[in-house]
Amino acid sequence: MEDFFGLLGPILQSTVRNATPLVFAALGGLFSERSGVVNIGLEGLMLISAFAGVVGANLSGSAFIGLGTAVAAGLLFALIHALMTVTFEADQIISGTAINLLALGGTGFLMVAIFGSGGTSPRIEGFESVAIPVLSSIPLLGPALFDQSILVYLMYVLVPVVFFVVFHTPFGLRLRGTGEAPEAVDTAGVNVARMRYYGVGLSGVLAAFGGAYLSMGLLSAFTENMTAGRGFIALAALIFGRWNPIGAAGAALLFGFAQAVTYSVNEQAIPIEFIEMIPYVLTIIALAGLGGRAIAPAAIGKPYRKE
Amino acid sequence: MSDRVAGDGASSKGAPPVLEMRGVTKRFGAVTANDGVSLTLGRGEILGLLGENGAGKSTLMKILYGLYTPDEGEVFLDGERVEIRDPKDAVSRGIGMVHQHFTLIPPLTVAENIVLGAEPRKGLSLNLEEAVRATEELSERYGLKVDPRSRVADLSVGVRQRVEILKALYRNVRILVLDEPTAVLTPQETEDLFAVLKELVADGLSIILITHKLGELLGVSDEITIIRDGRVVDTVDAADTDEGELARLMVGREVLLRVEKEEVETPGGVRLAAENLTVRSSTGALAVKGVDLEVRGGEILGMAGVDGNGQTELAEALAGTRPVEGGRVFLDGADATNLGADARQERGLAYVPEDRGTKGLVQDFALYENNALKTYDEPPFSKWGWIFPKVMRRRAAEALRAYDVRPADPEARAGSLSGGNQQKAVLARELSGDPGVIIAAQPTRGVDVGAIEFIHGQLLKQRAEGKAILLISLELEEVRSLSDRILVMYAGRIVGEVGPEATDEQLGLLMAGRGVEEKSA
Amino acid sequence: MSEGRREQEGRDPLLRRILTGAAGALLFPLLAILLSFAIGAVIVLATGNNPVAAYVALFNGALGDPSAVGRTLLNATPLIFTGLAVAVAFRAGLFNIGGEGQLFIGAVTAAWLGVSLGFLGPLAIPVVLAACVITGFLWGSVPGMLKAYFGAHEVITTIMLNFVAINFAYYLAQNPLRQEGPIPGTETVDLAARIPAISFALGRANYGFFVALLAAVAVYLLLWRTRRGFEIRAVGLSPGAANYAGMRLGLNTILALAIGGSLAGLGGGVEVLGTYGNMDVPFVANLGFNGIGVALLGRNHPAGVVLGALLFGGLYAGAQEMQFATDVPLQLATVLLAIILLLVTATKLVEFIVGKRARALASGAGTRLERGLGS
Amino acid sequence: MRKRLGFVSLAMALALVALAGCGGGSQGGGEGGGGGGGSDIRPGLVLDIGGLGDQGFNDSAYAGLKRAEKEFGVEGEYLESTAPTDYADNLTQLAESGFNPVIAVGFLMTDDLTEISEQFPETQFAIVDSVVETPNTMDLVFREQEGSYLAGIVAGLMTQEDTEYTTSDEKVVGFLGGQTGPLIEKFQAGYEAGVESVCPDCEVLVKYAGSTPEAFNDPGEGKEISLQQISQGADIIYHASGNTGTGLFDAAKQEKIFAIGVDLDQAKLFPDSPILTSVVKRVDNAVYQTIDSVSKGGQPKGTTVDRGLKEKGISLAPFGRFDDQVPQEVKDQVDQAREGIINGDIKVPDAL
């Protein structure tokens, strides 16, 4: 137990690191789902952006240009999802699954095509941790919250910004309306398809930040399938957080914490396989206990047809 | 909002009409929904658009609102030819529409719904105070009382309709189209609505009122355009016509507006009864509060009331598809409260649900599968867990022919049938098992006149055979002409019982809950 | 006008029957496959390879000789099971992404019982497979119950349960069931208790493929010839109508997911008894996810699932040969499958390519107005 | 048109099969020979999941193949595996196509290779890190514990020094394992024994990344585990976790501690990370020597080649740019231990 408290600082720091990509992806999913499009492809969006970020940074030598290429790739894949689901009325879950598969196969393929072999990319200049003076010296919480990569700080800013955009702007009103009752939005003279393109597109941009953080903030190289299910956990965080940015961020922190704990649980005490299960079991319990009754945007998953 | 020019009726003569549609044709595949339709709407005028379900009224209005593009024909606004590309375009040209199915977003507030798409801003953010203020101003000006801050989900249908109208007014409409606005209203609410409409036209607005109810147009509209089979049959002056003529024009032949009902000597014993029945709605609210009723063999008990006063939940509780909160249900004298829908059906209960689209039929099932939807697990359709599609097909073919379902093809997908034929398919299933008790909820909603006649005939036939029938309907005319007794439901309670000779006023008062006050007084 | 309508009545059912018939059902998947191969060719070209050579190698690797056919069958076998697992749930309106975990549960069951019941010889095979069906059923019922009793969405719970099942199976394989020696995995099932190979020429392809075909037939009978299937389909197409007809939504939800689980579990058993002989760590990967693609490609019909699984299996078998014969990376197969999946439900796109006429016919029933044929 | 394409490909397939069939017995291909002489051999490599670019043992094996290709003027082939299902197909494909020797890189292929090597008795097979009991399979195994023991000595001594990356105040070192199991436990056992031998009161923090092969390919988890160990005082961490170890290198760079690499001289591969040394496992040599021995002709062999420090199959990489930070006595102790192991004075445990 004493050991645990000694570890609390590092665990909290690890919690924030684990949660950051989840928060980005969950915020992205929020835009998409609030507009009425299920985005099970968050995983793939993160993966392709993580890869594109490393390619961009590798070619340019600049982490910021890498971030730019990551966002471009995330946006591009998200727009494929939007094109398929909004314009061509494909099933949203299937399209999302295909996006995941495309990102997995595509990054593997491109690894060979660009870097000559699969596995792990060459290392690039990523985003180093930047300690914020004064704040980072707060005991316990300081290093956890304020000695992180700038992408983490970006995440702190984005949570309230997304909240404001979704709940306090005309765009947010239309977005929420589109997810609840597209026909109402349509008759009010707002273009439903365009709102959904915006929603899905933004999900690509935000998931790209998450992906870039994985390959350029957390690490400084791309590894095949490095997202390892984080997109799905982000989706769970979104549902658990009831499609609210604050709630989703909170849920992501919880999952991040569960993950962080697994790094310090002694495997002699509990078999490693059971430690690995913790975040997933926690998600199921959370969904069954609390999040299960959360009400999704009413029109989610359905293509909008003007008859 | 406030900058609309007040009505100046003087200049309306001579000036081009506010709206003219000429030769509008719209086809869907091989079906022609509108065939060269023309109509004219003058400034400050209420034009009634009358036609049966499926005659093409809604299609025409969707063209006007930019939801459909016409294949042929022209639209003129103030004498100028226009092409309306989408609803946004329509809105910017001053056309507003109150749809039959409300286009409101339930989780949002009234003010948010009203300003959606044309939001007042303060910097980057949405100016909600301004939205509330504008809503209040409009609602005061036209006497459309609403609370701008309440959530639409919590409002009654009547209030929701007001929100819809306010939404149009907020966008400075010059032409307001109302699609079947009275379907969900009590007679009193309908009168209130018409009063508001008259105030609006006095203010310079022009209104198109779509309905399939003959009577109400006479009181409110200036002219009436009748559409049948996608074509304009005639346009008449409301002052120079009567219900009979309108009905003839609408249906294309003389229709019997009154159903001939044989007298049944004496009603039999009580076959369906509810005792102090309490039921919750899907949202958890008490929807039925202590209802007692008895239906006897050989009688039709009518249940009148405005939609959403607990009739649906009552019907479902009686049929066994919704759990009962308190009280008891009796079938032929035996307590059936704890029986499931299946068991009740085995004891001779048939149920025609109000929503055949999502409850009565599985749209993507073939007709033979739908015909066996309740009996698939009984011989001869099933044995030892297996089902026998061949038998199902044979039986379905018989039933479909007997109930005049077209096409009578057991393989046809239910969803491909017209509303009337879908309803007949439901009846075919429900009545062919020779049930003793029938619950029919809105059996003629959205059904063409031919099918209505057929369905009414079937119900009367069952009555003559001594069946006990509970008829739930929003159509007062239907309740009155078929029922032997009429119960009126309001806010989950039975507020009165009247005979079929009751007047609109009597029924209307009860439906508005006024009877309750009288009782308690 | 009425004449025109009659003409339409006479013509429509025939055309519709054709479209909903075999040709119609295959139209969309076939177009999706062709399109994705075209896109794949562009990708191959962009990497400086010859797409014709790549596709020839792909074809050879999938069907070029008996051993290639054997590889295709071997790959397709587990995908039939996981595809069926998705399809049954889909028919009930549920999305089962848990095929992977369910397969692992079945596999570890087979690895355990296959060894301990090995003394029974060939008799052990049906016993062990039945046990896999049962454990898969139980595991599959978990998300069903979570949905029925707690409203937890099955998409999320089945994904999460995959991780739980895989970890649990690996725990068993590495601890109580662990074999001697350096290779992490369970002990190997006695050869007598294994599913035999079909013939030497077909390589390792085994009679498990026929078990899969039997499962497909069973699923067909279940869905279209039994009361339970009738209920599952009714619940999937219209929960409201099913409830109104007295069917229990919760029960059917649980059963559909559990039956799906039992199919995937059986697939895991067949993999162990047929292909591998034990459960190594790592065991198989991505069979559950690919099962989704297989089911969708096969339109959630058992026959379609078998065809879809053969396509997937063939692509993976062919990609191996392609990697060998050309410089095109193995991952092209995954990319091709992703594109097929992306396109297969994009009805609008295919309609766009085929033309509006087909679209009008395909959705003719939907656009028909209320008045329709009755009045 | 399509029909013809199908026909053509079928014909090509048949031709290919025929060619492969004929070629099996006597091959007369004549590329000009390099050093070894036997230029008619075609070595084939089946790589494990992870494949090329793992900056570990797949890459190392591939380097051995490349070296043989260059020196003997032969043309080899390698196949990557994406799933365990691929092993058997890949091995069969190479054997069927007349490749010889066929080398399975990774112990996970043990079962499949046992089966397949029996079907192709004329082909020389080899497997890295495992033992296959067939007369035509060479087992290329290593005594990783010996190198790990030396790494343990380095770690145990250096954690008591004050350098740019280590402090003397806490005697804590770390071990990051990949997938749990006997193979990696050999590394752990040797390392722990090495630390113990020079610093009995040192604490060795041990953590594995997981129980599945993904544990060899999860740098994110590797980094988090490393950071946890660092926060518990570890200032030098040895990993045997494949690609997961790149996470350690990130953490080492960020937190300024020493890492010890594995398989290859990883200091050269990750020049910006403070990698003090690496336990090098010469899979490349094993592959090269196997090809060499086949090129010299003779019947397929079923021998087990066990390589350790003595055979130079395992070695400790030079300290490179950190050489001046390592005190001479540390270097001396390492040299003594190496001697001791080679002449048998020191017995290194190979299991926990």
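Just so it is clear, A, B, C and D label the chains in written order, and each chain counts residues from 1 on its own.
Please note the rule applied: contacts are C-beta pairs under 8 Å (C-beta built on N, C-alpha and C of every residue); 3 or more make two chains touch, one makes a residue touch a chain.
None of the values given here were measured: they were computed from a predicted structure.
Participant: Pick the pair with more C-beta contacts: A-B or A-C?
Facilitator: A-C is joined by more C-beta pairs in contact.
Participant: Counting only C-alpha atoms to place each centre, which chain is farthest from subunit B?
Facilitator: Ranked by distance of C-alpha centres from subunit B, the top chain is D.
Participant: Please compute the C-alpha centroid of subunit A, do the same for subunit B, then give the distance between them in whole Å.
Facilitator: That gives a centre separation of 45 Å.
Participant: Taking the mean of the C-alpha atoms as each chain's centre, how many Å separate subunit A from subunit C?
Facilitator: Result: the chain centres lie 28 Å from each other.
Participant: Report the inter-chain centroid distance for subunit B and subunit D in whole angstrom, where each centroid is the mean of the CA atoms.
Facilitator: Here the centre of subunit D sits 75 Å away from the centre of subunit B.
Participant: What whole-Å value do you get for the distance between subunit C and subunit D if each is reduced to the mean of its CA atoms?
Facilitator: 37
Participant: Which parts of subunit D, given as residue numbers and ranges, touch two or more other chains?
Facilitator: Those would be 80, 180, 211, 214.
Participant: Where in subunit A do residues touch two or more other chains at once?
Facilitator: If we look for residues of subunit A contacting two or more partner chains, we find 118, 273, 276, 307.
Participant: Could you tell me which residues belong to subunit C and also touch two or more other chains?
Facilitator: In subunit C, 167, 170-171, 174, 330-331, 367 touch at least two other chains.
Participant: For this structure, give each pair of chains that are touching.
Facilitator: A-B, A-C, A-D, B-C, C-D
Participant: So in the complex, the part of subunit D that touches subunit A is made up of which residues?
Facilitator: Checking each residue of subunit D against subunit A gives 50-55, 58-59, 80, 180, 207-208, 210-211, 214, 217-221, 223-225, 227-228, 231-232, 243, 246-247, 250, 254, 270, 272.
Participant: For a test of understanding, state which residues of subunit B touch subunit C in their complex under the given definition.
Facilitator: Checking each residue of subunit B against subunit C gives 28-33, 35, 53-56, 59, 229, 319-321, 340-342, 345, 351, 353, 355, 358-365, 369, 372-374, 376-377, 382, 385-387, 389, 406-407, 409, 413, 415-421, 446, 448, 450-451.
Participant: Okay, in this complex, where on subunit D does subunit C touch?
Facilitator: It is residues 5-6, 8-10, 12-14, 16-17, 49, 77, 79-80, 82-86, 88-90, 92-93, 96-97, 107-108, 110-111, 129-131, 179-183, 211-214 of subunit D that touch subunit C.
Participant: Mind listing the subunit A positions that touch subunit D in their complex?
Facilitator: Against subunit D, the touching part of subunit A is residues 6-7, 9-11, 13-14, 17-18, 111, 115-121, 123, 128-129, 214, 218-221, 223-226, 228, 260, 263-264, 267, 272-273, 276.
Participant: Which part of subunit B faces subunit A closely enough to touch in the complex?
Facilitator: 62, 65, 67-68, 86-92, 97, 99, 102-108, 112-113, 115-119, 121, 124-126, 167, 171
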